[in-house]
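Have a look at the structure that comes next, please.
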Amino acid sequence: MEKVLRDPIHSYIYIQHQVILDLINTREFQRLRRIRQLGTSNITFHGAEHSRFTHSVGVYEITRQICDIFQRNYPTKTVNDGLWDDKERLVALCAALLHDIGHGPYSHTFEHIFHTDHENLTVQILTSPETEVNQVLRRVGADFPQKVASVIQKTYPNPQVVQMISSQIDADRMDYLLRDSYYTGTNYGTFDLKRILRVMRPYKNGITFHISGMHAVEDYIVSRFQMYQQVYFHPVSRSMEVILSHLLKRARFLYDHHEQEAIGNPVLLLPFLKKSFTIADYLKLDDGVLNTYFIQWCDSSDQILNDLAKRFLNRKPLKSVSYSAQTKKLLPKLRKLVSEAGYNEEYYTATNNSYDLPYDTIVPDGQKKADQIELMRDDGSLVELSAVSRLVNSITGKFSGDERFFFPKEMLSSNEEPEVFTPIYQKFQKYLKNRWVVDPKNN
Amino acid sequence: MEKVLRDPIHSYIYIQHQVILDLINTREFQRLRRIRQLGTSNITFHGAEHSRFTHSVGVYEITRQICDIFQRNYPTKTVNDGLWDDKERLVALCAALLHDIGHGPYSHTFEHIFHTDHENLTVQILTSPETEVNQVLRRVGADFPQKVASVIQKTYPNPQVVQMISSQIDADRMDYLLRDSYYTGTNYGTFDLKRILRVMRPYKNGITFHISGMHAVEDYIVSRFQMYQQVYFHPVSRSMEVILSHLLKRARFLYDHHEQEAIGNPVLLLPFLKKSFTIADYLKLDDGVLNTYFIQWCDSSDQILNDLAKRFLNRKPLKSVSYSAQTKKLLPKLRKLVSEAGYNEEYYTATNNSYDLPYDTIVPDGQKKADQIELMRDDGSLVELSAVSRLVNSITGKFSGDERFFFPKEMLSSNEEPEVFTPIYQKFQKYLKNRWVVDPKNN
Amino acid sequence: MEKVLRDPIHSYIYIQHQVILDLINTREFQRLRRIRQLGTSNITFHGAEHSRFTHSVGVYEITRQICDIFQRNYPTKTVNDGLWDDKERLVALCAALLHDIGHGPYSHTFEHIFHTDHENLTVQILTSPETEVNQVLRRVGADFPQKVASVIQKTYPNPQVVQMISSQIDADRMDYLLRDSYYTGTNYGTFDLKRILRVMRPYKNGITFHISGMHAVEDYIVSRFQMYQQVYFHPVSRSMEVILSHLLKRARFLYDHHEQEAIGNPVLLLPFLKKSFTIADYLKLDDGVLNTYFIQWCDSSDQILNDLAKRFLNRKPLKSVSYSAQTKKLLPKLRKLVSEAGYNEEYYTATNNSYDLPYDTIVPDGQKKADQIELMRDDGSLVELSAVSRLVNSITGKFSGDERFFFPKEMLSSNEEPEVFTPIYQKFQKYLKNRWVVDPKNN
Amino acid sequence: MEKVLRDPIHSYIYIQHQVILDLINTREFQRLRRIRQLGTSNITFHGAEHSRFTHSVGVYEITRQICDIFQRNYPTKTVNDGLWDDKERLVALCAALLHDIGHGPYSHTFEHIFHTDHENLTVQILTSPETEVNQVLRRVGADFPQKVASVIQKTYPNPQVVQMISSQIDADRMDYLLRDSYYTGTNYGTFDLKRILRVMRPYKNGITFHISGMHAVEDYIVSRFQMYQQVYFHPVSRSMEVILSHLLKRARFLYDHHEQEAIGNPVLLLPFLKKSFTIADYLKLDDGVLNTYFIQWCDSSDQILNDLAKRFLNRKPLKSVSYSAQTKKLLPKLRKLVSEAGYNEEYYTATNNSYDLPYDTIVPDGQKKADQIELMRDDGSLVELSAVSRLVNSITGKFSGDERFFFPKEMLSSNEEPEVFTPIYQKFQKYLKNRWVVDPKNN
């Protein structure tokens, strides 16, 4: 059997095992069609409406291509020769396909409010006998679900398999950079996938790259850096996540304070408000379920729930400015002004520091080396990427991302529209310059 | 002011009027982000998860480009000279942006079951004082909402404006072919937009194309034909629409027969089950709302509702075969076998004849000329497209699409898995050959 | 060994045999870098400056991919089972790579004037012991050069190998459509190569396509038709070929009439003027060699040679109009007017009927079936493409292309610039309307 | 009048002035069709066969787009307000179109051997009354040729015009990065042209970019860096330039030593060998002319000329290794071994240090600030790019490129093929490791 799925990034996804086809056809996997890959990013880049389903089959396909190349060019001949054992193919493919199966709607924000954990849930979905995914995996072997889970948990003994799915330059990251670039319509995330696959090779500690492909790897790291700067950390998308977070927090607050009338009867969300949910409950959630309750909340008697729901659904982002270590101390004054202008500061202001470590060779505590990219020379010796790439070195081990303060757009009203809050607005605006918080005394 | 939206098809959408920006920011327009452009097509082409929002801004952008070219190259000089009057720009842009504002979730299927009418709803959304869209349009002029509506209704006096938005080769069709090609990852729908815009020109009866661009127009018609054949009429997507239609029909049946417990409390759908809804009710619907009720119905006590909901959500399409005028008479026998195999034939079989008229110069009743594409020669004389294009002529006025019979996949079980229904399955399969219905006597 | 060449069409060309690498490195093959694939087309589509070298490696790569797919999915098991015998791979790859090795500069025009024959020359280059190509091929086997030649001559016994390289839908045509589209910057020639390769399969009489890919094959035929109409038959490019042809004819005339001074000493062209050349002579020619003599001829004492050389090098095309069977009889009058305006009609007018048979199932004499595309149904039965595709049927067996009359642009001078020839120009122009020849009496 | 040229990079080149059309039709400009943009790069990236003609019209088109945006968004209102005066458009467009008109075949190498100077020749072609270009320019105004020349010489008073054509981020560089990426089939050179054009704006000292587009500008700088590393400095292409340089040097040597028989009668090259040429002589040269003489030299009695010509035409590159400041002192030993192996070391070895300064803010002598990229904040203040981009800062003012030693491939012969020179080869190879020169004592 060989089936194909048409895909805009890889042209075709080639399915060559019945178990892969059956996994795709499970209800847990089909549910990923109803969860957008990029959460609120489509608010800024309207084309980015693709789901975790499309990304998951893409990660599978890249992994399949890596296995093909490894098997063609680097097949193992003797035990522990550091080459590729194609018996690992199926576990690698399943882990690639299912690595995101535990994600729920608006994943990071939802987790933060309801204390769910998508990695733990992934393992449960793989290993609980009640799921269709588990039933399909068990057909391969009784311990196969646990093997696949251990790849995702990075405890699987073969580091080549683990690094295919999860490392600085893995099938997951490679697919999402290309896919998110394509759907957003930006080209920052593009890099030369074919060339990277060509120079990739297995060795005893995992996966390395021939040094002749250094510039292709460098380009990938730079592309990843730029996608974070330009797309994933976009202030408007982050602002919508702030609103979403506050909206869910408000719902939880109302539930905890027995304001049931205000939140109606959000049947599928109740287990999470009650802090007691099963996997089955979790698997009923998707973006549309949450949005359905938000639509209902637009008619809520609670003014904050009502207003935040409308802001989220109808795209009324908060505004934001950057602040530095020096100007951070001014934020309480800004919050106070927002409060004086009539907004509950808990729900209408926020700080948010989206950080990304673009390429890291040293873990923060300095004790052991993190995941790093090794290049292989002709004679088999290795060299770490940032040692030979000036560009990568410039962003190695350095946090990127900016700290921002969020507040209602109304605070920026110009004085041409005189109203009762105008003096407060004017005072607030003295703290802002060139999209940064500044001290008005120095301004 | 000039704002831009990043778009994968047109690079940027240029917004040059405050009224356009304000229309995009209305709740009615933002709602289009939650309604997929292609309904169930993403079941077959998984990349096609884009919304009516992205298409609508694309239609706006193409219209804006047409206005720019017309204004640059063909500005009117005297009344009725058949050239372009740029005072028409704003009404054209608003009509382009809003032409799909009345669409709801899974539009064609929903309309069919609940007797809503998206064109009528579009006009209501434009002209009802309660909508934000109407409020924005009224700022231009008291009669402006009605003017925009009349363009969409094709009653607006200037045929150039009407044909920009709605004709054989309009901004709507041009955007969706390019966009659906991009998101599905097929290239059948691509054509040379820039060249078509270059040869497009206004004349007194609407819009024509210089004959030097004949092949670009021909290519557009052929691309449209191929997208219908390959994407829009794909049997698997149609099969999912069959399931959706039967699922909604079953819900309506249960409601009409007071089986409320079986359908739960689908709050936002109730006005439609009750056959009494307002515009406000309609504007609360989106794909996610319907899916939320389908998720709940997976636990319904009604076995048909329960099963169809699962088939729809978890992608279990019906199978289908083509039939001809000759073999149509065999369908009752096939339905009977499906019924004998334990399926309610009303909900588990269907026929479906998706037809498209690829390019039509003659209306069926032969009384008056339909919308046709005119090419202009150097001396200003006109010639109809199919008169000069052999390819277009071959598909002019001919119905394309095939008539299919849908049935449960289980009917195709092979006899290697003996079970009680095996003889019925075998009998059923004798009617099928090369994906067509055949008479077993001649087989 | 596996080497790759970066290619804009196929991303990479994979070279997996030493003999292929060695063939690419022969002087005869490297020479193809200096011969443009599209002759004079870059005069109209300036991007189309690619050489026969890039096309040849592309044809090789598509053939390699076909072999891979055939070997993976349809390997032969028993003699004469109609499946693929991978022992044919090397002869197929060599024939693909070398199919154009006999082409010279401005091939069709040069052949026409100097009576060379690129197919015959291809065979000679493959089989003459003096060439490097022959020396590389002989390393495979003494009869291998002849085997490769027989594939190109279509006399090789295995029809699968012959049809890969030369049939209605072969690696040659598939590469040039994609490549010429890419380099011209048009998209008319694009089609879904991956899908066609997926549905392609060997059978006893050659190569067929599964019927599920009918629309992809149809799209390829339509694309080919459109590339001919839009690019290959472009009137301006054809006009430059007319000039080139007349320029070479004039040089031959001057040589034959012993006007050596007028043509200087075009060393590398002399064997052809003398009508006595060796393969070695032929292999010294390329576009640059001819252009070098044209540059020298710009200073020739012969006014016609001098003027035509300048027109060719400096892009001064003749103008052209279409004529019909009815208006063909008017051409002598037009020629006479051109002559009266001071131009030698032999060198300054021409007719040219570029014809293409887009897809042909019947040979003209009706005696035997030509090369046709067969589609295979699920049960193994075959159906000819135009029997199931309305689009293909519309262009089957019909000649496309138009008959044109070429003349100096000066004949179109408008009467605002009065000069001695103005009355002649005016008379000439009465025969033209909407880019066609017309009878002034009916105009 | 508006004419278009189809272009693969910009879709269309829009020609809106008769003078631009006339310049394109001059013999000097048409000659650029016969000179490849990338010299010998097509030896490595076979797709890169495009000419200086296609690049020149591309630079024109980007300049035209910049003028359009400046005129639409930043038209001057008062003298010296730092905004755009559209009266500058024509001089900018002509300078953009003609900036490379003085290039000859294999420009840098030819200049180096024959002491021509393409910038000086550009000015002469613009200002000498004998050229068609000059005649067209003079129709605009008597001083117009000189004005256009002064833009190219950077002495034109308006810095906006100068910087459009020649600065760190100008129309020239932007076109060649995109075009060379497209034709090589690499994607390293791609960047977001549309976004850069959107954030570009005139100011009193030239051209700046709004800071919101910082990442797009950063991406451009990184792309340029990567194209140099990956494409322009590719060792194999540089090796072919070494051969070309030695070939021309040998011809000059033979001419100077009166070995006329060995070099034949290369008519069009003689003025350069004689060190006395006119513009007319220069304008007769193109790639094909040089190649024609190389073809003739393959039969030369001089063995070095003969061999180098064959190596150049038939792609037999020298091999190369990198060396460092430490290992540079070993090169004489390597040269000596090459000599002992029978090669004239003057013609068969070389060192070559292709350097690029990716983005430079300080000129080497430290006396004045070089061309730097300024970003504009909301309040109009400026900040230099490398001050806000960590990536750009990492490559600012630093030389990139590597120093290489070139030698005949035969020196790498393995000892499996015993022959007389084997011991020399083995000794040579001890100096090489991982593609670098090393000291055998430490190896």
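Think of it as A, B, C and D in the order they're written, each chain with its own count starting at 1.
Simple rule for what comes next: a residue touches a chain if its C-beta (ideal position, glycine included) is under 8 Å from a C-beta of that chain, and two chains touch if they have at least 3 such contacts.
These numbers come from a predicted model, not from an experiment.
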| item | value |
| --- | --- |
| Pair joined by the larger number of C-beta contacts - A-C, A-D | A-D |
| Farthest-lying chain, centroid of Cα atoms versus that of subunit A | C |
| Inter-centroid spacing, subunit D versus subunit C (mean Cα positions, whole Å) | 32 |
| Distance from subunit C to subunit A - Cα centre to Cα centre, in angstrom | 51 |
| Centroid distance [mean C-alpha coordinates] between subunit D and subunit A, Å | 42 |
| Sites on subunit D at which at least two other chains make contact | 11, 186 |
| Of all residues in subunit A, those that touch subunit C in their complex | 2, 4, 11-12, 73, 194, 198 |
| Sites on subunit A touched by subunit B in the complex | 5-9, 11, 25-27, 30-31, 33-34, 42, 45-47, 49-51, 53-54, 57, 182-186, 265, 267-268, 284, 286-289, 291-292, 295-296, 310, 313-316 |
| Subunit B residues touching subunit C - in the complex, by the definition given at the top | 186-188, 190-192, 215, 218-219, 222, 225-226, 229-230, 377-379, 381, 390-391, 393-395, 398, 433-435 |
